[in-house]
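What follows is a group of structures, each given as structure tokens.
In what comes next, subunit A is part of two complexes: it sits with subunit B in the first one and with subunit C in the second one.
This part shows the complex of A and B:
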């Protein structure tokens, strides 16, 4: 038990074959008390949630709800080894995301025809995809923008590595090929299994990340529109998003989506609300850029899986609509500046500076924490965090209203992941090496999500460029939602093998090298 | 000369089509005899890969299109290194052939981001400088194409065709891209389509005069050869069919529509027919339905817009994501099955093809449950050769159709 950073043997905390770890971490009096108080805060959030009878009913109706028992464990996985400002930054990010998801669940069950069946509330709900930029909702402050896939599959897998397996199997038993991306596959499985809440005045789907997500939407919209009677608009975001000659198409899609929402909800677009959201989006962008600037120095402060998860939530799911995220941005920036001024480090030694590229493994989101603690590899930034930095117009003028349509279109085109996996090889391949240089990185950890065709289709070129530039490129292959294909230890072994055989290094914490966490949440 | 054809499971004498071997030979090489002739005559070869690229625009005067195939594909190891084994074999086979220098006859390549795999395939071709080394005019163009059939999509289509097809062809090779030139290209395109349609009509009825395999060869040739150079032989073939003795009614055991992803493999249709199923309609990428629908033009609107609208409206690619397109795809298959008198439907998908993986799953259920057709859903490699597994599955499907027919007859007889 150690107060100092890097004194613990974290591998000793694991129980072979267990779901949870042996005990909580001792971080010194102040940090342990802080961590414990935040843990209690999470328990209160969960307690408030289950106090409502409809939410208890939902626990028994929806198979995926059982995964939410693992919420505190997920936070513990991400705070491993953290002290001081790092611990607080992590809690700022994680706790807010948890609170947001709890509210999302509560709202879903309130309007769900099978659970709360609040029909008036349901009329104010617009359903969106899991991985969808919610820019078209920035001007509808009185409507609820809810994603069913976020809690049923996306967050579920973050909580419990095995959460999606059942739905993947359902989709394959229905006839879907087993080689497609397991994320839309699992989402389609939820729909086939009829295991999603049914509510809403209408739905906005989008060709979010890939061919798979575009096609998976077809399964969902078929049930939504043809069986549940909920009209669906398919928002087509251009793939070649850096080209000038697709922007008018993208803008018109935004106009059409807004008109569709107005038609089916009876609400009208509110420009005042939109520009307020745009201002918050800009603030979030400036904060993210400030954090990334720090990460170019020897003392990075806001990095790793927390950065990716927080950016994904704040950038896409929130999109300036919830003021609490602006307050969190401010607190995180303040903490980061404090730690930076003191030249603080999150591990006892930083051996390698790495850019994390590609599509991360959902069932092992805290892998970057392990990477730092086990091998001293600092994940400076990741592909999901390298999103749009364009400033949106904030002032309500007739000209700006027109520009704002293009801003929303730009954001929608530049959704997380697809802003890199689509749009030509420049955004995926060429810009990686630019970032490697800007961040002074000596290593690239390249998540190879094996069924992501857009990513694996550049496999050979990644290797050739890395060789030309003398960058250490480490492939980490996985199957996104399905640990049966490559386990967490399988993921770790790819790093272990590279570090021992190529880099000829010994781990910082050897107890973490092999962990029997196959059954863990 | 006649031959006894046992492909369809029964005895049938069909007189050989005069030009069939010639067309088969054309399909043995991407750089076939007619491509070489057109090049020698000074035409620009426009290579493309996706059915969503409007073909008439690639066949303006002085240019001709060649849709890329990789006939006689063997090893794909180098392409697999670049693309991994998780990309479809069509994309890997094309990249392998490009690395081998098999497409050096092309003067440019135009490709839409139809699917991620084709996009990555062509991008790798570009990054590896597989084409155009000795041709300063060579260009690579990537297009955005609509994902929905609406006015916004049409505007995009038109703009993209202007910027990524017409403009570079004019600038790099001086091709005439005027409305009049486009109309001339459409006229030639339509002549080919009308011939293929007319030939394809001989598949209708209980005694078809052409096998699915023969028809597939003719259709494929129209995608990979300069159109002007095959019209005469297609015309002769059509004339020939008018007097050709059709197949006997018992020459096949079931009639099927083949639906699905890219099929440029002669052996696949052959294997299906060898297993006793007559392929009466070809609704797949590289097929004639709807790929060989003529494009009617009016004088009150520019030809480019009309072509794009036609491509968008008829487009059956699963990447079209709006509900009318999705439901329309399955209704179209059902309509074809009815028009061509099919007993069943084979949904095929090239392994690792995401769009068709989903479409096959939904289409198979919908055609079976909503339209009442027996459906076989299979995935397949790019080059199937004589796969025993596939043969067994098709044979079992044919038997199941026969059993259903017998059951129906039994029910009807009380």
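This part shows the complex of A and C:
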């Protein structure tokens, strides 16, 4: 039980083969009371959620809802070892995301034909993919932009590592290939298993990242259109997103998507609302750049899962539409500046500065916290946080309205993941080494998502370039949503082996090196 | 005055009781230990639900 950073043996909190941990951390009086107060806040959010009978009904209808029992534990995983400003930044983000997901669930069940069946509300709902920029919804303030895949698969795997296994198996039982990305496969599995809420005036699907994603969308849209009578628009954003000659086509796709939403909801595009959202997107971008600027110095402040999880949510799912995220950006920046001024550190020792690249394992997102606590490796930034920094036009003029269409197209083309896994050699490979230099990193940890064809082809090129530059390159193979293929310990072992055999180092916290958490949430 | 003091005393006792109980739940992770016990029952329930499973 320690107040000081790095004094605890975090491995001692785990129960061998157990689902949950023995107890919560003692972080000193002030930080423990702070963490306790935020835990109470989370319990209140969950309490308010289950007060509504329709949400309880949904809990007993949808298998993936069981994962939400693990919400407080997800927060505990990401706050492991954090003190002071780092702890507060983490809670600012996590608690807000929890609140946002609770609202998303509440809205889904309100309109769901099986649960709340509020038909008037449902007419104002536009369904979107989980892995999709919500830029085309920035000018529809009276509509609800809801994703069914976010709570059923994406968030579920963050809560419980085994969450997607059932749905992956269902999809494969019905003959879907076993070697596609488990994320779209699980999303398709939810649809096949008749476990997705049914609501909405229409839906927008995007050719997000890969072949698996297209496969999953096909299965889902078939059910939506042919059985549920919900029309679906396929927003096909160009993959060569850095090329000038594709931008006009991309802009036309945005115009078409907006027209489709207007047609099926009866609403009209609101430029005032759009430009207000654009201003908030720009503010979020400036904050993110400020945090990344700090991470280039010896005293990084917003990094690891504090950077990764929040950026994914704020950039892609929120896209300036929810003012609470702007307030959170402001508070996070203030906390980061305070900690930076005091030259604070999140662990007792920073041994290596790492760029995390590739598509991360969702069942092990707290890997970034583990890297820091176990080996003193600072995850300065990750591939999915290195998204567009282009400033959007904010002033409502006739010329800017035309530019804004191109801005939305740019955001959609440059959504998280696809902006790096597609778009050519430069965005995936060359820019990694530019970031390595800019961040003064001596290590690159390369997630190798074994079902992602977009990255596997470049394995040799990454190795060749790392050798030339003298950067320590550590491959970490995983199967994104399926820990039965490579377990959390399987992930950790790849780092442990590299650190012991190549770097010849001993861990900062040896109790974290081997954890029997295969049954854990 | 006495009544007010008594009321304040009671309020403080209630708050203290609330703190002791909830802090014990928090620090010993009892909330998660309880929900971990609930999960298997829920999973069995989901298995029994009739579904229209198809592509």
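By our rule, the second predicted complex is superposed on the first by the 521 of 521 C-alpha atoms of A that agree within 3 Å, B and C clash if a C-alpha of one lies under 4 Å from a C-alpha of the other, contacts with A are read in each partner's own complex, and residues count from 1 in each chain.
Everything below uses one rule, namely that a contact is a pair of C-beta atoms (placed from the backbone, for glycine too) under 8 Å apart; a residue touches a chain by one contact, two chains touch by 3 or more.
Here the structure is a predicted model, which is why all the values come from computation and not from measurement.
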Following the superposition defined at the top, how do subunit B and subunit C come out on subunit A, clash or fit? fit
Per the contact definition in the header, classify A:222: touching subunit B only (first), subunit C only (second), both, or neither. both
Examine A:66 and indicate which partner it touches, taking first as subunit B and second as subunit C; both and neither are also allowed. second
Dominant toucher of subunit A (residue count), subunit B or subunit C: B
Look at A:181 in the shared chain and tell me whether it touches subunit B only, subunit C only, both, or neither; answer first, second, both or neither. first
In the overlaid three-chain picture, which partner chain does A:193 touch, first (subunit B) or second (subunit C), both, or neither? second
Quick one: classify A:327 as touching subunit B (first), subunit C (second), both or neither. neither
Just the number, please: smallest Cα separation between subunit B and subunit C in the overlaid arrangement, in Å. 7
Do subunit B and subunit C touch any of the same residues on subunit A, and if so, which? 174-175, 219, 222
In the complex, subunit A touches subunit C at residues 19-24, 26, 32, 36, 39-40, 43, 59-61, 63, 66, 69-70, 72-73, 76, 170, 174-175, 192-195, 219, 222, 521
Residue ranges of subunit B in contact with subunit A within the complex: 81-84, 86-87, 91, 113, 115-117, 119-121, 123-124, 127, 142, 144, 146-148, 152-153, 155-156, 159-160, 163, 318-319, 321-323, 326, 349, 351-352, 354-355, 357-362, 364-365, 377, 379
Quick check on the complex: what are the subunit C residues that touch subunit A? 22-23, 26-29, 31-33, 35-36, 38-39, 42-43, 45-46, 49, 51-55
Please give the residue numbers of subunit A that touch subunit B in the complex, ascending. 171, 174-177, 179-181, 188, 205, 207, 210-212, 214-219, 221-222, 225, 232, 234, 236, 238-240, 243, 245-246, 248-249, 252-253, 256, 421-422, 424-425, 448, 450-451, 453-454, 456-461
